[in-house]
Each structure stands twice: as structure tokens, then as C-alpha cells.
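In order of appearance the chains are A, B, C and D, and numbering begins at 1 in each one.
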Amino acid sequence: MLDTNLTDVSLCLFAAVFAVVVVFNKNPVVAAFSLLLMFIGFGGIYFRLGSVFLTTIQILVYAGAIAILFVFVLMLMNLEETKTFIPTKNFSLFAGIVAILAMFGILTIIIFNNTDYLATDKLPEVSMNTLFTKLFETYLVPFELSTLLLLGATVAVVFISKKRIPQ
Amino acid sequence: MSLFPFVVFSVISLSIGLVLILISNILGTKPKTKRLHDIYESGMDPVGSATKRYDIKFYLTAILFLLFDVEIVFLFPWALSYQSSSIKPLMLAEFVFFMFVLIVGYLFVLLSKSLDWEE
Amino acid sequence: MMIYYYLACFIFALGLVGTLIKKDLISILLCIELMLTSVNLFFALFSKSLGSADAQLQVFFTIIIAAAEGAIGISMIMALFRKIKSAYPDDILIYSE
Amino acid sequence: MLDEFLEILIKTVVILAIPLGSIPLILQMERRGAAWIQKRVGPNRVGPYGLFQPLADVFKFLFKEEVVPSHVKKFFYIIAPILSLLMALLPLAGLPLCAPFFIGDQKVYPEVFRSGLGIFYVFAATALGPYGILLAGWASNNKFSMLGALRACAQMISYELAISTTIVAIFFIYGSSDLHVMVEKQNESLYGIIPAWGVFLQPVGCVLFLVGIFAESNRLPFDLAEGESELVAGYHVEYSSMKFALFYMAEYVHMIILSTLFVTIFFGGYGLLPGMGFVVENLPSSIYFLQAISLISKVAIMMWFFVWVRWSIPRFRYDQLMNLGWKTLLPIGLVNLLVTVIVIYLRSN
């Protein structure tokens, strides 16, 4: 599992570059499009990891629906480019420090807690069938509850956007 | 499993478009008048910006699509695993409940007139 | 394999920075999606490392939450935008005073 | 490694050449067909029966004056048609042209990208279709383009829902997402007489899918994205010369892909046409070739159907279109799914 090859590196670079564009770009529409490309890159990563169905969901839901929603709304809203980011120098410094802390925090937790499992290679692949069986047997209740969550979201969306707000 | 075939395929497809545009760029005549570069608006001078705000229905459609799409995508694994499942009655019950919630959501959206385009 | 852990950390940190420095609500929402995706990647990686299906199933539920969050978030932003013609939190503060 | 690369390259070229090469033929068929339906003559000047007309069009596109308007976002304006064509071509990598065959004792799959995802791959790749259009509309910085792109996108995503419900029902019936498995199951026969095509197992789903592909590919009667009387030409109003041609190609490739998917799911895919069994008995090695011919002729019939509908049914109004998608097709799809599942459950007990 430690054998990182060219595919992994290029996939990571692809995703990382577009993630950087999402954050450090002045034009929100460009940011939304790079978010889309990053999602597609993540689909590739899931494919490399052998979780094929995650790739499907990643592309269908994230790239096919969520990213479309963002692009749509940004096109409808026409935000000004100059107002999107970086207020002051001090604030950026603060944000940078927070980011570095966060990154190293997560890494230390992962690496120094238990490195054994990161190196194992001979584990069986999780097949699509075991995954689905588990979803519909062990995770039955969360699965059904998630539909209720979506129902709630639908109701909320309809109410929020229906209400005519007086000018 | 390898992503290699996919990469080859997309690079070739991408290069088809690129090459065609390049060729037409080289062969095509260059425009002679300035007026050609104006916004196309039936010969009038355009008024206002193109990215003004459009009808709110468009984004409502996109949001509702997102919500229903997620629900329907989660039916895919169900449909694929039903045949090989050992507990078919339970699976059916799950499905019926799922569809019930989905249809209730749909009816709510329908009755709230969010889907009406004519006003 | 390890490189994906680095990537996930990096993207999570980027999302965090984005939520702090971006000034309009939709971009902030974009950055939150960024963080959610990186968490998904973590789950997928754990699933691979531990050879278990549970972590992958968490991704399914995270995706549902991300979808619901995106939908509600965007409709709230649009409602605000229609009311005060702006999508910047600073303006909302001014408006509420 | 080199062998593998060569194999991928050959498959890619073949899979890309067939649809791209047939676009001129389809165009000619469409023009002459339109003329025939409307009792006109149609293009008949270039070459015998006007057969070289598409070729002349290609040259015209290549030598046409290239206009890049001054107000566009230039980078995105130029990559939008390229991306559009790319997104349209991507699903091709997962579509099978014939059954898997053997070279020596190595099993070779006809798809370029054998991902284990089957139809999911095709479906996910088609879900990316709206982006090229949205990018074009936004980059053109023109009201007509923008409105056309928004309309096209809203329409495509609405009908995608109806198509998804059908695909769930299809998965349920075949129990697999692999297109080869689907075709194999359709080559069995129902009650010994009729082939077990998807259209007989899922008649309602078939109609839903058919309407869906018309809307997804933005064809008449659903071409509201470019309704001439309202939006001049929709999202590609600012595009000229080869860039416009790329959008045109993307639209036709989209049609071809969706028809292939439709035919593979509902009409036996590359299963042999009646009468071909005789040839296979005498010449067993020709079977893969004949399978490809069968698939292509089925898709060609679909293409003619597109033309036929185009000149027979008037354009919808936009609200009618959205109502059809959300208030008619989606509930029918959901009920169809529910009925299918319950009927199959009751029959298996």
C-alpha cells in the first residue's frame, strides 16, 4: 500500500491544484467550475482505492447535482469579483496559521496514533455486494432516516423559497 | 483496475476538439470589420449586463433536482442487491417505506406549487 | 497510499482557510463542501486501510448530509439575496443593525 | 505494456471514429428526410443526390471567418466548445459494440474503459453534459446565450430524474449494472416466441426513457434551449465557424450515445437482428462483426426516428416542457417503479 505510483501522484496534484483554485480565485464562477473538476478528480481517487460505487455517487451527486447547483446560483447572482476575499493582511496571516495547525493536527493524530494499519496491503477488497448487503442489513435504520432527512430538507427548501419577502 | 484507458480516451477526445479549432484558426479568414465584435442583440445596442438576475424558478428546479436525485441514486444499490439478497421481505419493506417518503416529498412539492412555471 | 492522507489533510485545511477568508456566502458554502469532501476521502481511505465496509457507508450518509446542507444553504442565501440584494455577511450585519 | 496501450488505442480510435464519422451521414439523412417529409427537394447540388453536401459543410466550417466577440470571457469562450465535445464523447468509452471476444485465450472487452461500473459509467458521464453548455452561456456574456444555457441545463436535469427512475427499474429486472449481462438476458426469449427485450418487460419505462432522451439531447420538440423565435440560437448565439461546429457535433454525439444506451437497454443491444442467425451458422467467426452491424442499424433506426419526430411534432412551450418533466414523467416513473417491484415480488412468491 505504500507503493505510490504516477497515477496517484497525478490524481493528487489534479485535485490539489483545483482545490487551491477554489479558495484563491477571485471569480466565484471559476471557483465553482474548479470545484467540479476537483470532484471529478476525487471520483478518480475513489476508483483507485477500489470503491467503485463511491465513484458513481461522487460523480452523480457531487459533480452532477451539487456543483451544477452552485454554478447555477452563481450565474444567477452575478457577484462582484473584487469583493470576494482577503480583507486584511493580518487576517490572512491568522487564517494561514489556523490552516497549518489544522493540517498538522490531523496528520499527527493519524500518523502517531497507529501507523500499523497504514502499511498493510493484503486486506481483502470490499466488494460492491458486501457493501450493499451491509447497507441494507446493518445500516437499515440510518438509511431510512436519511430519506426522512431529505424529506425535511425538501420541505425546508420549499418554505424558504416560497415565502414572499416584502421589499 | 486502471484509469489508464480512461485517460487515453479523454486525451484523444480532447485533442479532437483542440485540433479542429486550431485548424480553423489557421485556415479561416480574419474578420475585417470592428462591428463584428459587438454583442449579438438583433442589431440593437445592448442594454445592461448579461448576468443580471434571472427567474428564481431555475434555481428552485436545480435544488429540487439535487434532493430528488440523491434519493433516486440511493435506490440504485437497493435495486442491484435485491436479487441476491436473502431477506427479500425486509428489503421490500425498506423499499416501500423509502418510496412512501419519496412520494410524500414529491406530493408536498407538487401541492406547494413550486413546480408551476406559468403564473 | 499515504499521499492520499496528505491530500485529504491539505484539502481540509484549504477549506478551513477558505471559510475564514472568503467574503461572500456562496464561496463560504463552496469551502464547506471542500471540507466535507475531504472528510469523505478520509472515510474511503480508512475503509481501504482497515478492509471494512463500514467506513465507506459513512460516505453515503455524509453525501446525503452534504446534499441537504447545500440545498438548504443555497435557498437561504437566495432568500437573503432577494431581500437585501447582497450575499455578503458584512452587509447582513449592517442590515440587522 | 505496449500491447495494452496499442489495444486501448485501437479501441479508442474505432469507438470514436464510428459516431464521429457517421455525423455527416446523419446530417444528410436529416436534411433529405426533412425535405421528403415536407415535399421539398432538399440539398441536391453537391455531388450525386447531394451526397457531398456534408463534406462541403466541413470545408465551409474550416475556412469560415472566425469571430471572437470583444465582450466575451475569452479563455472560457474558447474552451467551452472543446469541453462540450469532450463531455459528449466521454460516455462512449463505456458502451459495448459487441460481445466480449477472444484473441488467443485472452478475453477482450470491446469497451475502452472496462470499469466494473457498467451503465453507471455511461450515466455518470452523461450527467456532466450540462457543464459545457453552462460554460458557453456564461462565457458568451450575452443575454440570449445565458438564458439559453439556463434553460437547457434546467431541462436536462429535470428529465434526468425521469430517466433515473427507469434505470432503477431496469436494474431491478436484470439484477446487474453490466451492459453485457443486460444484453445476454435480452437475447433469451419470452414464452418461446418474442425476444425478451426490455421494451416488453418495461413498456412504460421504455416510453419514459424515449421522451427523456429527446429532452436530454435538446432536440425538437424539446429544443427550447435554442427556440429560434425566442432566443435566436440559444447558448451558441455568439459562436461561429469551427467552434459552432463543435457544439453541433456534441449535440449529435449526445443523440447517438443516448440512442445506443436506449437500444442496449430496451431493444436487445448488439443482439443479432432476425435473419442473421443463418449467416452465423455458416460463418461462426463473423458473429462479432454482425453484432456491431446489428447495433449500428438499430441506432440508425433511432436516428431516423429523431428526424421523423422533429418534423412531425411542434415545439413545446417552456412551462409545458417543465410540467411534462416534473408533473407527468416523474410521477409516472415513480409509480412504474413501485408497480414493477411489487409485481416481481408477488410473482416470485
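We adopt the following convention: a contact is a pair of C-beta atoms (placed from the backbone, for glycine too) under 8 Å apart; a residue touches a chain by one contact, two chains touch by 3 or more.
Computed from a predicted model, the values in this text were never measured in an experiment.
In the absence of chain D, grouping the other chains by touching gives one piece. Geometrically, the chain at the heart of the complex, using CA-atom means, is B. Each of B-C and A-C has its own count of C-beta contacts, and the greater count is at A-C. As a whole-number value, the distance joining the C-alpha centres of chain B and chain C reads 21 Å. The distance from the centre of chain C to the centre of chain D, each centre being the mean of the chain's C-alpha atoms, comes to 34 Å. Between the Cα centres of chain A and chain C there is a gap of 7 Å.
Chain A and chain D have CA centres that are 30 Å apart. Counting only residues that touch two or more partner chains, chain A has 47, 50, 52-53, 56-57, 60-61, 64-66, 68-69, 72-73, 75-77, 128, 131, 135, 146, 150, 153, 157, 161. For chain B, the set of residues that touch two or more other chains comprises 1, 4, 51-52, 54, 56, 58-60, 62-63, 65-67, 69-70, 73-74, 76, 78, 80, 84, 102.
For chain C, the set of residues that touch two or more other chains comprises 60, 63-64, 67-68, 70-71, 74-75, 78, 82. Taken pairwise by the contact criterion, the protein chains fit none of the simple patterns, being neither a path, a ring, a star nor fully connected. Contact between chains, per the stated criterion, is found for A-B, A-C, A-D, B-C, B-D. The touching residues of chain A, counted against chain B in their complex, run 7, 11, 44, 47-48, 50, 52-53, 56-57, 60-61, 64-66, 68-69, 72-73, 75-78, 128-129, 131-133, 135-137, 140, 143-144, 146-148, 150-151, 153-155, 157-158, 161-162.
Of all the residues in chain D, the ones that touch chain B in their complex are 4-5, 8-9, 11-13, 15-16, 20, 61-71, 78, 81-83, 85-86, 89-90, 92-93, 112-116, 120, 138, 140-147, 150, 153-154, 157-158, 160-161, 164-165, 167-169, 171-172, 175-177, 232, 237-238, 241-243, 245-246, 318-319, 322-323, 326-327, 330-331, 334, 337-338, 341-342, 345, 348.
Within the complex, the chain B residues that touch chain A are 1-4, 49, 51-54, 56, 58-60, 62-67, 69-71, 73-74, 76-78, 80-81, 84-85, 87, 90-91, 94, 97-98, 101-102, 104-105, 108-109, 112, 114. For chain C in complex with chain B, the touching residues are 60, 63-64, 67-68, 70-71, 74-75, 78, 82. Those residues of chain A that touch chain D in the shared complex are 29, 33, 36, 40, 43, 47, 52-53, 55-56, 59-60, 63-65, 68, 71-72, 75-76, 128.
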